[in-house]
Structure formats: structure tokens, C-alpha cells
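Take a look at the following structure, please.
The first chain written gets the first letter, and so on, giving A, B, C and D; residue counts start at 1 in each chain.
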């Protein structure tokens, strides 16, 4: 898939919206014509950095949550360490340096007659799947995607009304049982995979979330012989293929591929995980 | 997006027992303050009750008082600072009479950092400070990385045989246990540690500052009057951890007092896991005089969260990252793969 | 409150002549990009016109392709980062056929960083890359500080006699000038520089990354799969400047390519004043791919402000801080004191 | 002079006021009862640091511009390097860590029958002299102090209306001649010293400003045999006497004294400057 070349540009924070569960949506506005992120594909990401001097030194990667054609775009995040804490504390008007769009391995779009796409999300892994669902809905294919979404408790599941609005079927799970199934997202996933197997329905799994979740989803996909695509996270210094920090162990021609250029989406079978 | 591993067995903070040992020395917890960053302790009394730190290492003491270097003596660098104080101190005699009694009263571990201008004056200093045996000095911390000492200073810190000889003579000169503070400018830290341990040092402190410089492009002069100075602070933490780990792996029985860029309880825990038995906080005292006690509290809370009951349970505990599955040009079949 | 010294003779930016020399090599300005931080150049083409940097050093090349280390390979530290990429590269053959033609077209200075697994494979690599003589390679930058190489790797970088032998054999194997990239883990940098210069190296690059480590206290594992990695970024700048100054003072005629934490034009000027003839920008490329050209512009503007007409006017120019008036127990009388 | 022990406390920015010439007045509010800076003496300073992580690592020293008994205090600064740039960018509500009051060598107060105090100021050296004048005015001694104040141009001279309001006599100088004498502050100082010499008037000089200015003032004070006190700046890591970084070369019992504890005010004759 050929994507536009990445560029580095300055943007300004135009809105910071706190969701429940400690999540934030950070909206930014960069150059409009052309807008570097106008044609962003679900799974693609940006590297963000505020004006915070020499520590931390590197930018941080964030999946694009949404982007319009006029230079406005957003990401969703949670304060985790030094970089995200600073981003969550940003206020409207503050400048951000953005590199993007990054990533060439992205999620394939659903099609009217293709397999149903199960979008399996956890934590800050929601954004690429949220964008996938938004695009599907815009293309009149909301029925071809279903969201499977797990979290610690009901506050850990955000932006549900968006999916509702698009008419996307949802299967929720919380560890404390406060919403949906009690347990991990693998509980509804197992049920859904079983139902499809029983009905002979063709499926695809697209997943993004914490690595332990992705490992479990990968194992289930392999077991059920369902094509599974994982949007991975590796530590990244550059995001555009030069530091070689973001290696993903794979089977195939060579032992590693790069999360930032060849990913972030990888076919589960090819990922060399134990 | 890796979810933080929720520890199977978190503890309540009061279940954590922070007491620990440095060789035969017992400490109430692993957090001390570092030489040159805590003066003689008294200047910190307005800020907190000094009994809340496990101990302190004094400003480096020489046989006779020293005035220190011309200025500028300090300058900031990225996440750190350079200093060239010049080992200014009141001298062994004044230390014993004016500073030690007050320190001894505190009941915390008193480590007296010392040095000499040449081998004989090191020995002289150890002999003078021996008067502090039974008067409150727990450890003589011998600083063998004095960039500011002209003659022999480099060899003391970087040549194992010279460090061995120096240590042996100082050990013979005093009844107080000697801990040698190693120079990070040495190429082979484990060899240095072994040399001083075999000479009778009861442990090692590391790391001291790393030689560095900065330039004022407007005046075209170095930012320190002595051109070079010692780099300290968070910038050097990764180097300190590596050196401590190297020494601990080579000599697991040798107690290490670790330091270099510690500013949080998590930093302190990293040092313990790398192999330090206790730690000292240096540069961070300047910005936050009461940081010693807060690092202690943070360490306790973090140990509780991670289910670590005692420092001894994690000293040098790190294990290699588990290997990846072997690479193959074909992915294994689904059933077999995961 | 020191007012900035307003230079007697500021220049207009266009009056500054940035062209400079590294030995016999002419450069349009002193700003290059560093090995391992610029891949093979092509990935930067979307961000800026590569002809705006004076040159680049490629990712380290070995005789045969290498896959690199298991992950995690990088982690951040205070004002810096650790890496253990494992010298992953496409190998000399593929470099010559697939990467070099495009680089040669740019017309900028191409330095090919290279290494081997042992002495013979260093020589083999130099011989293979010799095919790039007259096809665009200006310099072979020999990396003798490979922490990731098991056998002999340490000695190449820290023992002058071994570095001498290695350099001599590689110099004989190629018509391309060799610049040796020294290891900051060596105890005596001037001795290393002298050893490689006498073996025929036309200059030295310094510094490479400094060995460090970081620990994840939750998993009790090192943050890098290889336990140790190389520290780079602003954190190490004071150490880099010191080493460059030491080598320049010992061998003023030996061209030095300086690097280690450069992120601004002022940083670059500090390196020139310490004794570097040109500089390379490493880690900073990750956060800001077009930082090379902006450092060039900042350097030009700063030189103009300070009235520096050419880089050659300030290389190694720093002078000691002037001494203070002698101390006396009585202040001189008003008239005499000034 | 015995001063209260320093403490470290948290304060919040309550006001940031931009003056002309790039100067800022940063007002903060700390604990009220007791207010650590209630009894601050002109020349005393605080060490300030925002929540800016590990770089820069050390706090920065600022002379106290004013302090009331209720925990409110202010400093005056100009964006110069990394620390001051961050402080100038602070907004109301942001937290600051403060250590103070620091400094035991301070300016002596004027007295009704003592020498006239010439307050010689330049740049960010104004605050301790501003506080000295404020205190003098409050004690009904405004006539016992005079301000001599130099800057690059008229915008470089700030808070003049305060001195006017207190009825303090002013002698101004600007390098471009846009206000007062053309030249350095030494121009009106020389004239004033000469006039006093002619009239047999007893004077004292209290000076704070850029080091080149202090050197010139020191030389003039010595030449005219006028007791001269300099409020010095040295690079400080700690501010409370433990790093030994802020050495001031002196004549006397020992070659160095410490700017943060024995200063920042030193008698000019004792300072070992060439």
C-alpha cells in the first residue's frame, strides 16, 4: 500500500477533552493545504513532542484517532509516563511538533462481501479501531465490523456512543463485570468465534491493545484459523525507520521487521512470539 | 499499551521491612546521602530531621584544610551538572573536633569521605581519622578519584595495582572499616573492585562523578576555571547502573554502595536490583534538601506495591530478558505456534 | 545578571564563510549526521533536501548482512537514550550495489561506517568497501567500539596496541582514507588517538556511545535484551567535549570529527572550540529529522553574532579562565586595589 | 544578623505581570501562617523551581522583590536561559517549589542620621534595591536613599513609578540616551560622588546588577573612599551553603566566602577582583 510521504510539521492544541477512566482526547490543528494527515489510514500514527527541552529526548507515538481534510486531527491517550503526562497537561494554544503520517502496514478496509471484521480493542488501543469503524460507517459498511472491547471497569471503556451512533455492534467486557461480560475481552471473542465457526461465517480479527491482550488474541485467532491482524507497539525513537529500535520478531525472509515502517499492523501468524 | 503487571502479592507499606545490611553494618533503610552534596549535615537540619536518612557521607576530608578551586566551580548540563569544587574541606582535625560530635549524636551511620594529596597523606588522613573510631565514625569512604589532585591522582583511580597498595596501607592505618569509592573513569571496574577488596576494603562505593567539560562560546573559555570537572546527576544514571552491575556480577559478595543520578524511590530500587546494598543521593539534595526521606518513603511504597518485603530480597536480582522463539523462514503451523 | 558580551564585530550571516576542512577533505560547512542515526540517508529524503548537510556517516557496515539484536533494543534515559541495535546492516555487498549509487548522486560527503567481527573481518570489510573508491565514498569511518561484538571487541576499542594493529591492516586494505571512531570506554583517549594516527588513520571520530544500562523494576529485567547498551544524547555532551579537548590538546594536528549530544548550533560551536574540525549529529535526528540543516543555520547565525568569520578561526580556540588576583589576608589599600 | 532558618515550601503562581523591556514580575503565594518569607531582608533571595522534570536539574536564585506577612511574595526576572524562560512562561495556578529566605549578608537599613545610601541598579539587579527603597519609604526615610539606575534604553528601566510614589530621588542613565544621562549608570554615579565629595556629604553605595557594572562601581567606590556594598551573583546549585559552588574570592581569613550564606551582599573592598 503506497501512503503519502511523512513530513514534520508544527501544530497547535485546539482542544483537550478528558474522558472517563483517565483518558484524554487531544485535538490539534496543523497546516491545512495540503493537510499532511488528510488521507490517514486506520493504524497509521504520528510522533508527537511538545516544547519540553531535552528531557525526554524523543517524541512519542500515537495512533491517529481522527483527521479531517483541513488540518485538524486528534489522538487519544492516557497519562502513563513522562511523555504522556506532559501531553495530557497541555492546554489549548500550545505548540506540538508532529511527524506523520507514519506506518505502511495498516488495517484493510471491510468490504460488502468480505469477512466480518472483529475489532478487538483494549485501553489506548482503541483509536485505530475507532477510526476503522468510523470509516466503515461512512462507507455504509457499519454492519461489516463489530467492536469487541475490554477494560478494567466501565470507566475504562470510552467513546461507546460513537460506535452506537454508527450502528456498530458491540461486545463489551470488564474485569469487574460492571459492563458487559465479566472478564477479559477474550470472553466475548471466544463466544463470537465459536458462533461463527458453528455458522460457517468468515471472520477477520483486527486487534490493538495491551501486549498481553494481543498475545491472547493471537493465540485464539491461530487456534480458530481466523486471519488475525495485530496493531503492535514497540518502543520507538524515530517512527520513520532509521533508529531500528522498533524491531518486531517475525517468521519469514528475515528475523525482524520494523513496527514503524513495515507495521504497525502485522499478521498474527508471522509474529514470532512464544 | 502494556498494562502494568499487577503484582500477585502487593503488601501494605507497613509490611515492608526496609532494614538492610552493608556488609556487617546494619542500616534502618538503604537511603543515605552522598559526599560533597551534604556538607557536614548541619546545613540540612532546618529542612528535616536528619535521623530520617540511614546515614550520610561527609564532604571529603584531607589531613589539612583546603581552600578549594577558583571560580566558576559549577555549571549545569543536560539533566546534570559539572563541578570542580576542589575538595575544599575543614581538614581532619577540625572535622573531628567541630563536626563529628554533632553528627555522632544523631545516631545515624556516619561515613567520612577522605582523600590525600599523595599516598602518604592518604595514610596520614586515615590515621588521623582513626581517632573517630568509637566516637561515631562507622566507615571511612576513601575517594580515589580526585581529578583535582595533581600527582598520582589518576593512577589511584585507574590502575588496580596502585589502588591495591593505597588501600592496603590505609586499612593498616585505622581500625575503622574502609569502603573505597571507585572512579568511573577507570576502564575495568571489576578489576579495580577486586584489587581494593583483596587489600582489605569492606566494600566499594560507586560511582563518583565522570570527568566532563562545558564551553562558554561567548567568552571562548571553559565554564569551569579548572577546565574539566565532574559530571553528576540523572544524566549519568545509566552508566552508574552498568558499573554497579558489572562489579556485582564479578564479585557478588562485595557490598556496594550505589550512587549516580538517584532522584526517586524507583531509581533507588533500580540500584538495589543492579547489585547495590544501599545507595547515596547526591546532586538531588541541592534542589530538594529533604529528598533523602522522600526517596525512602517512595521506595517503601514501591516495594509494597511490587510485593517486595525486604531490600535483601532484590539486591542484584535482575534476570536476563527471556529469549525469543527461534527464527525460521516459515511460520510454524497454527496449532503448534503459540 | 552578567550582561551578554556584545561582540565588538558582529557580522551579517552572509558574511560568515562556513566552508571548512577535515584534513584534506573539503566540506561546505561543519555539520554532518552520525552513524546509526541516519540509516542510509534515503529515509530522510521526505523531510529535507539532503544536500543541505555537509555529509553523513552511514549505518555501520559489516562484510555480511547482520540481523541485529533481540528486543527491546532501545530505552530512554534522562536527556538521552540507550540502544542495543546490534549493528544490524545490509552488508558491504548490498550497500555498494543498492545504497551507494543513490548517496553518491547527492554530492555530499559520504562516510561509510564499518566494522568486523574480528580483525580479519574488519580487514575484509575495508577491502570490500574499497570498491567504493571513486564511486562516492570519501571516508571509511572505522568503528572500534562495538559492545555487541563478542570476541576482541573490547580490546579493539581500549588497548592502543591492538587498535594500532587493526588500523594499520585496514589502511593497507583500501585506498579510501580511514577515520577511526574511538570508544569513550577507553581510559586514555589521547593514547588511543595517537596509536591509530601512527597507524595511518587520517583522523578520529569521537565519541561513540558510552556503555550503560537501565532496569525495569516491575519485571526485574534489564530494559534492553542485551542488558547493556550505548548511551547517547545531550546527557553525554560534557563527556564528549572533554574527550575531544583532551585529544586535540595532545595532537593538535589530528583532525577530529566530534559528536555526542549535539542538538543546537551553539552545541556545534562548543565542539569546534573544543577542537573538532567538523561534527556529526546523532540522536537528535530521531525527534527532528531535518535538524542537520537547522543546526547549520543556527551555527551560521551564532558565528555572525559573535563575529566569527570561519570555522577554522575557532577550532580548539578556548583559553583558560584568567587567574584571580592572589589571596592575601589583608585587602590592598583602595588606591592600589583598583 | 540572625535570620530565620530557611525552609522549602510549595507556592502557586498568582500573577505574572509583563513589564516593558522583557521584564516580568512573578507573584506567588505560599503558606500563610507562618509565612516563611514574612521577615525577608533586602538582598535575601529564594531558589525557585517549577515542575519541569530532570532538566534543568537545579533551581534558580531570585532576589525577593517584595513579600507580605500573608505568604504572598514576588520576584522580578527576564527570560535569559533555560530556567528563566520556563519561569516567564508560567501561568497562574502553576506550582513552584521555593527555598528561602536565603542569604545572611544583606543590605543595612538607612538611618535618619547615617550616610545617604546610593542604590545603584542595573538590569535584574533592581529587586533588592527596590525592596530597600520600599522599606526606607515605609520607615519615613525615603530621603535617605537615592536610586541610580542604568539600562540600555528607556524600556530597560522599570518600576520607576514605584520610586516616584515613595518620593525617592532618581538618577537615570541609558546607553542610547533615551532617558536620563547618556551612558552607563557610572555617569550619574560619578557626578553624585563628586558632588558629595565637594559638599563633604557622607555616602554609602549599595549596588546590584551585571558583574561588569559591579566591577566599575566597586572601583569608583574604592577610589572615592565611599563604603560600598555589592549584591553579587554566582552560579548556585543549592543556595544554602552545601554545594560550595558559589564561592566569592575575598581578602581576609580565607580565600573564599560563599555567596549564598555569607552573602549575597559583600563589602566591595573585601572582594578579590582584579
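Throughout what follows, contacts are C-beta pairs under 8 Å (C-beta built on N, C-alpha and C of every residue); 3 or more make two chains touch, one makes a residue touch a chain.
What you are looking at is a predicted structure, and each value in this text was computed from that prediction instead of being measured.
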- Note on the structure: Leaving out chain B while keeping all other chains fixed gives the grouping one piece
- Common contacts of chain A and chain D? B, C
- Task: Give, as an integer number of Å, the spacing between the C-alpha centres of chain D and chain B.
- Result: 38
- How big is the gap, in whole Å, between where the Cα atoms of chain A centre and where those of chain B centre? 44
- Query: Rounded to the nearest whole Å, what is the centre-to-centre distance of chain B and chain C, using the mean of the C-alpha atoms as each centre?
  - Reply: 31
- Message: Residues touching two or more other chains, restricted to chain B: which are they?
- Response: 67, 70-72, 78-80, 233-234, 324, 327
- Item | Interface hub residues of chain A, defined as touching at least two other chains | 54-55, 82, 249, 255
- Which word fits how the chains touch one another: line, ring, star, complete or other? complete
- Note on the structure: Interface with chain B, chain A side, in the complex: residues 54-55, 122-125, 208-213, 215, 218-219, 222-223, 225, 233, 249, 251-253, 255, 269-270, 272-274
- Interfacial residue positions of chain A with respect to chain D in the complex: 52-55, 82
- Message: Going by the contact rule set out above, which residues of chain D touch chain B in the complex?
- Response: 5-8, 47, 49, 54-59, 97, 99, 234-235, 237-249, 254-256
- Task: Note which residues of chain B are touching chain A in the complex, please.
- Result: 1-3, 78-79, 234, 322, 324-325, 327-332, 334-335, 337-338
- Residue positions on chain B within touch of chain C in the complex are 4-5, 7, 67, 70-72, 77-80, 82, 158, 185-187, 210-215, 217-222, 224-225, 227-228, 231, 233-239, 241-242, 245, 261, 266, 269-270, 273-274, 302, 306, 314, 317-321, 323-324, 327
